[in-house]
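Going by the order they are written in, the chains are A, B and C; count residues from 1 in each one.
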Amino acid sequence: MLRFILTRVSLIIPTFIGITLLTFFLIRLVPGDPIETMAGERGIDPARHELLRKEYGFDRPILVQYGIYIARVLQGDLSKSVITQAPVLDEFLALFPATIELAVCAILFALVIGLPAGILAAVRRNSIFDHGVMGISLAGYSMPIFWWGLILILLFSVQFDLTPVSGRIDVLYYIEPVTGFLLIDSLFFSEDEGAFRSALAHLILPTIVLGTVPLAVIARMTRSAMLEVLGEDYIRTAKAKGLSRFRIIALHALRNALIPVVTVIGLQVGVLFTGAILTETIFSWPGVGKWLIEAIFRRDYPVLQGGVLLLGIVVMTVNLLVDLAYGLINPRIRHTR
Amino acid sequence: MTAETMDAPAVAAPTATPPHPLREFWGYFSANHGAVAGLVVIVAVVLVALLADVLAPHSPYLTDTTIALKPPFWQEGGSFTYPLGTDPIGRDILSRLIYGARLSLLIGIMVVAISIMVGTVLGLVSGFFRGIIEIFIMRLMDVILTLPSLLLAIVIVAILGPGLMNSMLAVALIIMPHYVRLARAAVISETSKDYVTAARVSGAGTLRLMFREVLPNCTAPLIVQASLGISTAILDAAALGFLGLGAQPPSPEWGTMLADAREFVLRAWWVVTFPGLAILITVLAFNLLGDGLRDAFDPKLKR
Amino acid sequence: MALVEIENLSVEFPTQGGIMRAVDGVSLRLEEGEVLGVVGESGSGKSVTMLALMGLIPFPGRVRADKLSFNGRDLLTISDKDRRKLTGKDVAMIFQEPTTSLNPSFTVGFQLTETLRLHEGMDRKAAERRAVELLGQVGIPSPESRLSAYPHQLSGGMNQRVMIAMAIACNPKLLIADEPTTALDVTIQAQILDLLMTLQKERRMGLVMITHNMGVVADTAKRVMVMYAGQIMEERSADDLFASPQHPYTAALLAALPERSEGGRLATIPGVVPGLYDRPKGCLFSPRCAYATEHSRHVRPDLRPWAGGHIRCHYPLGDPNRNAEIQHDHPVGTEAAS
């Protein structure tokens, strides 16, 4: 088991190097002088320009520059935002909980609906329910979620006035961040009862929007994994033992079908962050996705560089954890390595 | 045992003969109603794109503030002159959608063409030469796959600058790993087969082997992946347009139209609804087609 | 009362190319404690027949029969619930691929005790004790430690023993063994067959041995049923069948046994079992039969009583008039024509 973990961990090192290379070259490939790029549009006086060139090592050979960059990254120094002058890492850490809160709600939403829908569709293969689930999930998979968000706002916020249009919580409330997750902070650390309800209401539409594509993928994957497993020899054995249909499906089949589904859920993390960029933009959700898009328009390249690197590391880590979880639920891997 | 059950003989109609492969392919494909519907929609979108000059009632660029934000014809204040209404600066939405079909199809096809060409070559090369080249290419693809796709596209557009061409290049790059992996896997499984050995023994060069012998044998998965790739390309390019990083106004690209319309969501539902619907229907059609093709190429999977 | 009574059973699967009849008019009787061998090539319908008896025909397969009963229970009208009480308890089945037939995600102990807890209502402790006993009975060394093993940690032979232990856990009246030794090494094959025969004698249970291997039948069965393309071709006592096969197909199968080969070359049966698109109009074996005639190519023979058993052939080998009849019916087969 330890060897299995070590092998998997060592496998991500090249990917890590690749991501750092990408972000390293990002700032150097942008047309123009990198220091001026970093300084932004306000410009910079020649003395300070020279100082910064030295500090970042732009006068040294490219490999040395990369070495300096890696050393800085490993010390947690991702340089400062051109606009706010705040360290990029600090800004990221302040905004990241909002993105996580949204992403976790979205994936839970996707699982709670997607798993049962996929299982039922497989069990009732070729029924109307099956065709319905497959049709809807393909539409969800094809959904331009930036439009989906607007349509939901149009329906629920404008037409029925049920949900708020944007933000994380009503401006009436100010919640001092404790955990950074508003649902938790407002429930446990705020006296005001309305705060939690407001936070919850603000979460509903973004959760649906961000959860739509993962929901579709999970439903489809669960169905096909179940269909494959239901055709296996050991399911015939389970039937020959006289087990009930429910036990065969919920225990013997599902346990095996979950193995590929867990992998797919892990891969959805990348999809979630892609969706978060769009969802946060639509709903003015103060997370890292919106932050990155704003950085582009403000030409705040250090933020873009640091943000991409950090998100890349997060996705990589989650993929690694999923890989390890895969080993845990699959006895064949657990024992053979 | 299952195989035996299925292979078991005996049929009611003794006169039946096995159908021709192409016919059988069409049989499987046409049995899938969704796939046929997808194909019909795609043909319709292609026709609309080709005949845009004839079909569009107005110019997609002509602005007229006197008729700004007219609703569709079935709502009060709407008229058949502007069947789907007008946008905030008085352009006919239907005409813009019709010309937008051209852009979306162009984006989808160009992106996938670039991606397939470069991706297949990289895949074939890494599959044939193995070693350090393969490790380098495949690791690079892993990095592309690890990063959230839109994030990578945004980074590329940030480097190259916003615009339709640059967003197409960015999307081409993020869907490339699929083709590289496909081509490489095909090469590795095919090169171990007898017919490649036979070609090699008879003196075929590596290049000839790559393109004449191996490539034709991985066309089926490539076609399926291409169909699915077009839908991803249209969707991602529209997302970039929506974020203001893709096609720039006044281009009638569907995503860009949505970006323009965003602030009017509270006042004029039609400027928001129709461009997105166009994206959804087109993307759905390509996904349906891709699914149908995959099932038809591999009927065993379908059962 | 017979343990199993099947009359005129057919099983059909709808396919793209039409309806495929996997089992065609099969009738059979099995007494308590009897051992029946069912022989045929791949795709002869022998497994499907027994799956129909177990109620395990997968969707969209259709089962039809004039009679299908087990131990006096009518299986055509039985409710799903009552049927589940029967399967796994009174009728049990083991399969060809022991390793894929066991669930890879659960331990051997879990899969074994599951049956006991379901059918015998045992608690976990009692079921585990019984499971250890059963594993011992099927010859698994240090059974206590095997309870926590996963199927992939055991060999194919061991897994088949686990399958057998599972099948006999509730003292079934009938055990169906579907090619139980085909996927195993030759040395293990003999051990598993011995084990099955020992268990059968100890428990006086009915045993149906499905196999394509005539040798396996010779070692085990008292009565043999030969199937081809979904139909019964010949059915009689094992001794008679091996001494004087009556159907040309049976004879050909026996001639293909290595120990029976007379010359230097092993006899083979030319051609293949008819598929979806080449099902003959007449006798199903006629395209491959050395004695086929114009008549047998056009008229399908019925299953009729013959020489103490049953046969589906116009010209049984033991019929004194067969040569004259073959000549009269315009022979087309290679041997008959010469």
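The rule we apply is simple: contacts are C-beta pairs under 8 Å (C-beta built on N, C-alpha and C of every residue); 3 or more make two chains touch, one makes a residue touch a chain.
Keep in mind the model is a prediction, meaning the values are calculated, not measured.
Looking at chain B and chain C, the chains that touch each of them are A.
Among the inter-chain contacts, the highest number of C-beta pairs connects A-B. Computed from the mean C-alpha positions, the centre of chain B lies at a distance of 51 Å from the centre of chain C. The geometric centre of chain A is 24 Å away from that of chain B, both derived from CA atoms. Here the spacing of chain A and chain C, counted between their Cα centres, is 54 Å. Chain B has residues 1-2 in contact with two or more other chains.
For chain A, the set of residues touching two or more other chains reads 231, 233, 236.
The set of chain C residues touching two or more other chains comprises 58, 95, 97.
Interface residues of chain C, counted against chain A in their complex, comprise 54, 56, 58-59, 83-89, 92-93, 95, 97, 100-106, 114-115, 118-119, 150, 152-153, 163, 166.
Interface residues of chain A facing chain B in the complex, by the touch rule stated above, are 14-15, 18-19, 22, 26, 29-31, 135, 138-139, 141-144, 146-148, 150-151, 153-154, 158, 231, 233, 236, 270-274, 277-278, 281-282, 292-293, 296-297, 301, 304, 308, 311-312, 315-316, 319. By the touch rule above, chain B contacts chain A in their complex via residues 1-2, 34, 139-140, 142-143, 145-151, 154-155, 157-159, 161, 231, 235, 238-239, 242-245, 255, 258, 262, 265-266, 269, 272-273, 275-277, 279-280, 283-284, 287-288, 291. For chain A in complex with chain C, the touching residues are 125, 231-234, 236-244, 252, 255-256, 259, 329-332, 335-336.
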